[in-house]
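What follows is a set of structures to go through.
Shared chain: chain A. Partners: chain B in the first complex, chain C in the second.
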Partner chain A sequence: MSMNTENIRPGDLEWTCCNCGRKLEPAPVVVEYLGNEFTAELPRCPSCGLVMITEELALGKMAEVEHILEDK
Partner chain B sequence: MEQNELRQWESRCIEEQAPWCAAACPLHVDARSLCARTAAGDWAGAWQVLLRTMPLPGVLGRICDAPCRERCKRGEAGEAIAIHLLERACVGHARPRRKPAPVPSKPQRIMVVGSGLSGLSAAGELARKGYQVTVHEPGESLAQGLREQYAAQVPDEALDLELDLLLKLKIKVETRAPVDEPGFLDRMLESCDGVFLSLDALDPEGWPLERGEDGRPVAAWPVQATAREGVFAGGLSGPDGFSPVWAAAQGRWGAASLDRWLQGVSPGAAREKDGPFETRLYISLKGVEPLPKVQPAEPEGYDDQEAIQEAGRCLQCHCLECVKVCPYLESFGAYPKKYAREIYNNQSIVMGARQANKLINSCSLCGLCETVCPEDFAMQDLCLTVRRDMVQKGKMPPSAHEFALLDMEFSLGQEFRLAKHQPGHEASAALFYPGCQLAASAPSQVRAVYGHLCASLQGGVGLMLACCGAPAFWAGQEAKLASALEAWRAGWEALGSPPLIMACSSCAEVFRRHLPEVEQRFLWEVLAETGMEIKAPANGPLAMHDPCTTRHHADIQQTVRGVVGRAGVELEELRLGRELTECCGYGGLMSTANPELAQEVITRRGGQSQRDYLAYCAVCRDRLAQVGKRALHALDLFFPVPGEEDPAARPSPGWSQRRENRARLKAELLRDLWGEEAPAMQAHRQVELLIAPEVAELMERRRILIEDIQKVIFEAEAQGNKLCHPQTGHFLASFRPYKAVFWVEYTPEGEGFRVHNAYAHRMKVKVGAKP
Partner chain C sequence: MNSEPGEDISLCPVCLERIPFHREFEGLEVYQVKQCPEHGSFRTLIWQGPPEFDTWRRPKIPAQLAYTETPVQRGCPFDCGLCPEHRQRTCSAVMDVAHSCDLGCPICYAGASGQGPEPSLELIESWYQALLLSGGGCNIQLSGGEPTIRDDLPDIVAMGRELGFDFIQINTHGLRLARDRAYGRALVDAGLASVFLQFDAVEDTAYRKLRGRPLLKEKLAALEACAALGLGVVLVPTLVRGINLDQVGPILSLAQEHSPFVRAVHFQPMSRFGRYPASLENEKRLTLPELMRAIDQQSEGRFPLASFRPPGCENSLCSFQGNFLLHPDGRVQALSQGHDPACCPAPEPAEQGALRTIARVSRNWAAPASPPELWAAPEPGSCSGPIPLDEFITLARQRTLSVSAMAFQDAWNLDLERVRDCCIHQVAPDGRRVPFCLYNLTSASGQRLYRP
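Here is the complex of A and B:
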């Protein structure tokens, strides 16, 4: 199962972290569901680590993977 | 599920049983498929059907006496299908060429004596199994007697083609065989490993065989063994005298017995399906118009058009009674026997995807299938049992039912739960229990009904707001159901265990099953007794929609019709009403587990009549309204909402509104009737939101509640964990109040916040994902 940089569109990196005032950058992030862990490249605040999940990812690939894991 | 349970489920559904025609045919020719292919004008396909089961089709297809007709179901609605004439029409077309199947080779030698239908059929079967077959024919040529006997029906070319195909199987032929010579049979036996006698072609008196009263050798079907070891025979009379199809079948059975005998296997074991057998296939003749047989213009049989027309009369016998009335069963493309197998496989899987989870969770548990099934197959019991098993094993997909279970928790929680005696009373002679969804849908009517009951009944009417646990029951969550029921019972006992006045038939069903000690009657009955008058005469007739949980409660259905009818409202019965009523798509949590299907279900339901519907379950009413069907709740007739002009057009409240309605109902009742303050609203509930209709619609579809959004914004604003977009100035923040993560894009506006977008996922970002 892959959730890599394809998940990030340039527009996503325009968001900034309100805590730190920094633009988000792609970074490897560990996500987990039902005991399964994956590393995915996601937009993240380079200073505090706040991660963004976009609508497209949440309702697209992520939903797909969730579904597969639920039926495992 | 254990293997033997699966077998029990499977054997209950008779959809895969043979159609009556095929069961009655000694060879089990699939006349149903033959008719289907013929009706479609597909002659090659029709041929293929015959080739699967009929020996020497070019001959037998022209002379079969069709004993199957006696059992054909069409005979009960007009005349039986002329299956023999359809076969004749079929074999009049060119026979499709088939690549000969590779034949194994066995060393054993078999002698077939006589080349009648049974002998040729046996020879073909044995040669295809690889035996070294020789046919001994006393005449000048193979099948000489057959040719002469059926010269009128079977053209020479047709017979020659069949014989050619047999010879291609390396069958040897000895003509002028001295079958009458003394000792012929013994010599045969000595020179080979087994013998088959075609008694339809010859029967020399000198043969040393045991004979029956009719003077013919004894060889009972379907084993076809004579009294002599290694000698089998066919071509004897069938149950109604000599019959070509019986002769051919006896050849096939005798060949099978010889094969078994040569392999040391008992020829007599498990032969029940050889020859005509009983079938349990059910076929409803309801609404089938009787039709007579198509009469051929020419005595020799049908031309193509006539055959196509006659084949079109075939009922294509199937059961599928349940599939015909249940969109759920239809939508998964098969029928319960197959589903039972798929569910069993799903449950026994160790690694890999469980393909049937959706199948298991989509059933509305409405029980209509069991009611229409001739064998009482209860898909709802199968699905519920398996759901419980999945929950227990931790294999239930969390997203399948979570939304509904959270809604149940809400109803069981502080914001809704209430159990009180009537103000000014220390005891309750009765307890009004409206159910969570009526309160969610029509809180003002709950209040009005309660007022009416208090005013017209003696001894105090208590009120209880809670949830009966139906969502947990439907989800197979036994532990959650038990604790919901326990909490419910504690509240009820604290009021002195009064008898209930119920407004919701789903609650009633749950209590009936799980709390049988609770005495209950329906609100409708009480309204009838208290002489309640209709306040808002409807423009009838109204089409009556019974909730599926009243299926087996004709008394409730009758009472509602009674109260409404007495007031002069005309009612129309739906095709599927009363005992056959359909679920609205909410039952069994279908709408949570399979929203698309649930939508289709209620749309179809709403399409059964052009009239406004009259429901007496709040969920049924609202789901009809959701798909644009005009529908009233029976309470709309008795307790109209003040100022509401057209209650049949009242939109269904959304998910958030349903919570809001419950919370407000409790708070207002507490304040107005009992002079108590409702528990304080949690801080996040005070976040004010501005939501445009399209965003509200999107939230509804994604099942995101206002409260979920309030939590996200409350947390984000308190902690500062949010993103912002420099161009739009929008904030984006997330929060995980339970096993789902909610994201909200918003901007502050006035005292509150404008919501631009909201979405959710379940996967969780691991804490500690610091750079």
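Here is the complex of A and C:
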């Protein structure tokens, strides 16, 4: 399955994990919403797997997906 | 199990006076039963499950209307409107901008008398202003008669856009769009978003019976014209048992083939108001659950019964709706959360439902926001496994199809509970808003309640 880093900006990878202290790395992640599964490449802790969802992603694409799935 | 008489109110189909009704349950069938002291008893099929009548619920907390045009005097349905007893804001406002129609079908709720001058631009502006006074923010449908008989229809669209109405749609038979490309271009340039295209069948037998002559060729030409103009189209079949109920599946297939400019199919079972042949008077009623099952069966499960749900805006008994993603490989994916018969949903604020519907209609009934050159079907992706987020969003922006239906009420099955929840309001000539079904309601002898 093709992956791209469209949802990761360079600054996102400067964050470190609050649990492990390790730098986040791009990784394929499966997101589930209302019974639908999506894949996206997102910043993730290589140690504990904690994923960072930026405000831009949450209020942008993820909000759009929410609208599409919750319509009416 | 039958409901108790007394609480629910309807009208006598003969004299249009208020009379109580109760529901009689016979297996999965539900009837509205009522008795007029003068004109006898009436029994009308209103539901034929599955899904079962009692499970088709989406309760609402009534909207508090900030502005109403008329006081409560005689009581519902005689005080429109809207009056303070109404429980939902305007979601879609229908304005009849033409009295005449150049088709004059045997079946139509709309007037086509051709009597009197067409409404002036000044009068139409006053209707837009009246809607603004009542809060604005609604979608607009320009109807009639047949709105495209007016050469100045683009001016009416432009006027609405300038006054701040973002979504304007025309309700049309499509014949002028099929033959007059310059007219269609002018409508697009004026800001038209969507065409509500009467489309009853993909064969001519049904058009001959419902519309008086074969029309398929012209309907397809209208579709082609809308595609070339980048206009979103909603196919609107008027369904009559014994004439075109078997067309449900073929119409959905055609809609899929003409995605993305065909954005939706909105079925309307025929109601007994306006013009309809006397021969259909005793025809068994086509109810929403039977239509949902027909969609499921005739589409061979592509649009399954379980993917439809009651509306969040109008009364649950008035409609059903489902949104679907059309994958490039032909797969259809239900996007909406379907109806859960075991679930007892908590009441939702009606106004929030209306605001969601206003946004959904303007998004899903207009052409995709991306330019038409990007509408070509994407390459088929993998059928299995999760879909990449960005691919899903791109596909959903361009390749969704809404499938819905609305059961209009007539004098035989009118339920004033449903009327008070109505969000589709006709703007009367004097600017008052009247729930769509009441505006078009006629008695057995053709006497009208509101339509002039």
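Note that the second predicted complex is superposed on the first by the 67 of 72 C-alpha atoms of A that agree within 3 Å, B and C clash if a C-alpha of one lies under 4 Å from a C-alpha of the other, contacts with A are read in each partner's own complex, and residues count from 1 in each chain.
In the analysis below, a residue touches a chain if its C-beta (ideal position, glycine included) is under 8 Å from a C-beta of that chain, and two chains touch if they have at least 3 such contacts.
From a predicted model like this one, the values you see are computed outputs, not experimental measurements.
**Q** If you stack the two complexes on chain A, which partner ends up touching A:30: first (chain B), second (chain C), both, or neither?
**A** both
**Q** Give the label of whichever partner, chain B or chain C, reaches more residues of chain A.
**A** Answer, by number of touched residues of chain A: B.
**Q** For A:19, decide between first (touching chain B), second (touching chain C), both and neither.
**A** first
**Q** Kindly classify A:55 by the partners it touches after superposition: chain B alone (first), chain C alone (second), both, or neither?
**A** first
**Q** In the superposed arrangement, does A:44 touch chain B (first), chain C (second), both or neither?
**A** After superposing on A, A:44 lies in contact with chain B but is clear of chain C.
**Q** If you stack the two complexes on chain A, which partner ends up touching A:64: first (chain B), second (chain C), both, or neither?
**A** Once the two structures are laid over each other on A, A:64 reaches chain C alone.
**Q** Would you tell me the residues on chain A in contact with chain B in one complex that are also in contact with chain C in the other?
**A** Correct list for chain A: 30-31, 34, 37, 65, 68, 70-72.
**Q** Can you name the residues of chain A that touch chain B in the complex?
**A** Where chain A meets chain B, its residues are 14-19, 24, 27, 29-34, 37, 42, 44-53, 55, 57-59, 62-63, 65-66, 68, 70-72.
**Q** Tell me, which parts of chain B touch chain A in their complex?
**A** For chain B paired with chain A, touching residues are 352-355, 357, 397-400, 720-727, 731-732, 734, 741, 743, 757, 759-766, 769-771.
**Q** In their complex, what parts of chain C are in touch with chain A?
**A** Answer in residue numbers: 309, 311-313, 321, 323, 335-337, 353, 356-357, 360, 364, 382, 385-390, 392-393, 396, 400.
**Q** Which residues of chain A touch chain C in the complex?
**A** The contact residues of chain A facing chain C are 1-4, 6-7, 30-31, 34-35, 37-40, 61, 64-65, 68-72.
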